[in-house]
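A single structure is presented below for examination.
Letters A, B, C, D, E and F mark the chains as written, and numbering starts fresh at 1 in each.
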Amino acid sequence: MSTLGLIEYEHAGPEVRAVYDDIMATRKTDWINNFWKAIAHDPVTLKRTWESIKQIMGPGALDPLTKELIYVAVSVANNCHYCIASHTASAVRKGMTLEMFKELQAVIGMAAETNKLVTGYRVEIDKQFELPFGVAK
Amino acid sequence: MSTLGLIEYEHAGPEVRAVYDDIMATRKTDWINNFWKAIAHDPVTLKRTWESIKQIMGPGALDPLTKELIYVAVSVANNCHYCIASHTASAVRKGMTLEMFKELQAVIGMAAETNKLVTGYRVEIDKQFELPFGVAK
Amino acid sequence: MSTLGLIEYEHAGPEVRAVYDDIMATRKTDWINNFWKAIAHDPVTLKRTWESIKQIMGPGALDPLTKELIYVAVSVANNCHYCIASHTASAVRKGMTLEMFKELQAVIGMAAETNKLVTGYRVEIDKQFELPFGVAK
Amino acid sequence: MSTLGLIEYEHAGPEVRAVYDDIMATRKTDWINNFWKAIAHDPVTLKRTWESIKQIMGPGALDPLTKELIYVAVSVANNCHYCIASHTASAVRKGMTLEMFKELQAVIGMAAETNKLVTGYRVEIDKQFELPFGVAK
Amino acid sequence: MSTLGLIEYEHAGPEVRAVYDDIMATRKTDWINNFWKAIAHDPVTLKRTWESIKQIMGPGALDPLTKELIYVAVSVANNCHYCIASHTASAVRKGMTLEMFKELQAVIGMAAETNKLVTGYRVEIDKQFELPFGVAK
Amino acid sequence: MSTLGLIEYEHAGPEVRAVYDDIMATRKTDWINNFWKAIAHDPVTLKRTWESIKQIMGPGALDPLTKELIYVAVSVANNCHYCIASHTASAVRKGMTLEMFKELQAVIGMAAETNKLVTGYRVEIDKQFELPFGVAK
């Protein structure tokens, strides 16, 4: 049970409703998932988090699906079960196929394994890996 | 300093050299990075890890660059500094632009933040997020 | 279900009861939460853990509420769901208000985000941050 | 070496300089630490991160020092070495004494230990810990 | 509920059945646990993961029980609740006694605590700890 | 550089010297590693941590080498580089061979990988894994 409970639209104040409305409009859905209802107790955090997500997850040099796959990967690495469920669903909506899902999981698992081999063997960084984009201007 | 030191090509036995040769051929490079030289003390792990990576990171439903971005994301989430450096460099070789790098980092940071808000507020999973691909057949 | 089950007061031996009694006396409560009942199968660990917590969490240079907030923060960072629930409740008992709870979560989330930006961009430590208390005497 | 290098004030564009100026004015210092210089390659992330930190870390129900202690705790839990160094220094500037530092570390270590005992023994959440603030209105 | 659902033996294709058969034969059991049924949607990952586990977890310089204890320790450190449950059960089958279980948990907890003290105090590595096996040949 | 610097034997007070003496006597060595010198600024934490480690890491149902392997595994999982170096060296002193080291790392890596596959596929715990030691008495 969420620590503070969930704030439903009908019990929300105008600040919270404005964010809920924008979430639904942006996502073209008619419902709000629990994350937003849980943090709506703190309208400042609600608004800041939504504005940040909207800014970051929209199209850019990376397309929205790729961003969603990265979001799932981080959430799996961080063991956020809610986030895994919500962003996996979100990735499916944005076009993630079953094949993509499986490959995503395989990459996450593989990375976790080599992350640990590197750490346990105490591997030092090759100098060739420094400044991959060249010298910053 | 890597716990067991690094095994250079000229001091490697035939099993290790075979893997080194395949790494260089597959990647079209003429050098081997420290990770492989560090784990080469265990030729079985060296071979299994390389075979797995080759299988997983090749083209599939996800293209190699997308997989590399996911690899970087997991490595950042897991704090593997070597892996961050090596896979960032690898992503650049596969086409990651500076803009993509910046968006990647922003998504990783954002995911880490919401992962913690979800966890601290103890948000429960919406039933709508279950079985995102529908009922398995 | 806890791996070994829970040891209730009435089934506990004298060593375990002595710790349970001290917990209830120290906390001015009449019940024992599951954590202690779960680890009571190992009376040595039970006693050592309780003695350590009593020593560490009491008043000092930091007041008990501040310590509890820090405990919650670490538990959220470490994804310990039981600990988040128990120490959030404990913090409320020690005076954490709803406003404090929300600010606590916002700080945890913010720290998690910048932790990852730092890691992904591979930022080096400024020399000004070394020895913040000056040279040790 | 930071992946993209550091952007010094004299090479920064107007957007970045505006943030740098605000950081120095807000913190009443005349220098910018590496974190900001590293992410300044992405002015949008720089600005958003700074605005968020300024909003979150200022005085509120929790005082700035308490927030800084929480920031250090999360950074230690998350193994962000840069963040540990920078926020420990920042906490000292805001009044953290040596005694407070030691107690902070002891609490972080203790929490990490009990987090793992809880996890390894698979302890279930006591129903008494639900809704610590009562039913949300 | 597992994201893709579970693939039972009777609905599995020949590739998956071959792995299931080998798991049951190797483990001398007549059932398959959920992990394999969940990842069986990706027969390549199923096969690779099983082959790797069979290779790694068999007798060697470390006996199978010791390997299982290490597996539990990593799973606790990584907060994988399923893995903690499954590998604790597996360790019991391989001979872990109740006393061993308790000592295992105590070591995991202690390591987690000192890991954090080291990190928070920013302790540097003693040169005596480098190359513990001497110079690699 | 350790946050508070290191306290050498010759500058230590009697409380700290008593712990240093016990460490050297118990370990049959004539030096103190940096961890203890770093936390010696807090003699209470120094003493409590040493007493706990001495109690936990001594012979019991698990032998000291097995405990040390578990300690390394947790430290790798938790990314504590100092702890990896110090406990790997310690394990070597207690009899860890090169073969054991390699198998240890392979198990850690494998566990990390399956931990993530389990998490990403959201696998539910089989009821057969509950109460592995039977019903607690």
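In this section, a contact is a pair of C-beta atoms (placed from the backbone, for glycine too) under 8 Å apart; a residue touches a chain by one contact, two chains touch by 3 or more.
Keep in mind the model is a prediction, meaning the values are calculated, not measured.
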Practice prompt. Using the touch definition from the top, list the chains contacting both chain A and chain D.
Written response: B, C, E, F
Fill in: Copies chain A and chain E touch via same or different residues, half shared test
different
Worksheet item: Hey, what angle do you get rotating chain B onto chain F on C-alpha, to the nearest 5 degrees?
Response: 120
Item to complete: Matching residue numbers in more than half of the contact pairs is the bar here; say which of B-F, B-D or A-D clears it relative to B-E.
Response: A-D
Discussion item. Please tell me the distance, in whole Å, between the geometric centres of chain C and chain E computed from their C-alpha atoms.
Written reply: 28
Item to complete: Report, in whole Å, the distance between the mean C-alpha point of chain A and the mean C-alpha point of chain B.
Response: 19
Discussion item. Need the CA-centroid distance for the pair chain D / chain E, whole Å please.
Written reply: 34
Worksheet item: Tell me, which residues of chain B touch at least two other chains?
Response: 1, 3-4, 39, 41, 44-45, 49, 52, 76-81, 85, 88, 98, 101-102, 104-106, 108-110, 112-115, 117, 119-122, 130, 132-133
Worksheet item: So that we know how the chains sit together, what is the shape of their touch graph: line, ring, star, complete or other?
Response: complete
Discussion item. Give the list of chain F residues in touch with chain E in this complex.
Written reply: 1-4, 31, 33-35, 38-39, 45, 49, 52-53, 56-57, 60-62, 66-67, 69-71, 73-78, 80-83, 85-89, 92, 97-104, 106-108, 110-126, 128-130, 132-133
Discussion item. For the complex, give me every residue of chain E touching chain A.
Written reply: 3-4, 39, 41-42, 44-45, 49, 78-80
Fill in: For the chain C and chain B complex, residues of the former touching the latter
72, 76-77, 79, 81, 84-85, 104-105, 108-110, 112-117, 119-122
Fill in: Residues on chain C engaged by chain A in the complex (per definition of touch)
79, 85, 88, 98, 101-102, 105-106, 109
Fill in: Footprint of chain F on chain C - complex, ascending
1, 3-7, 41, 44, 48, 52, 55, 130-133, 135-136
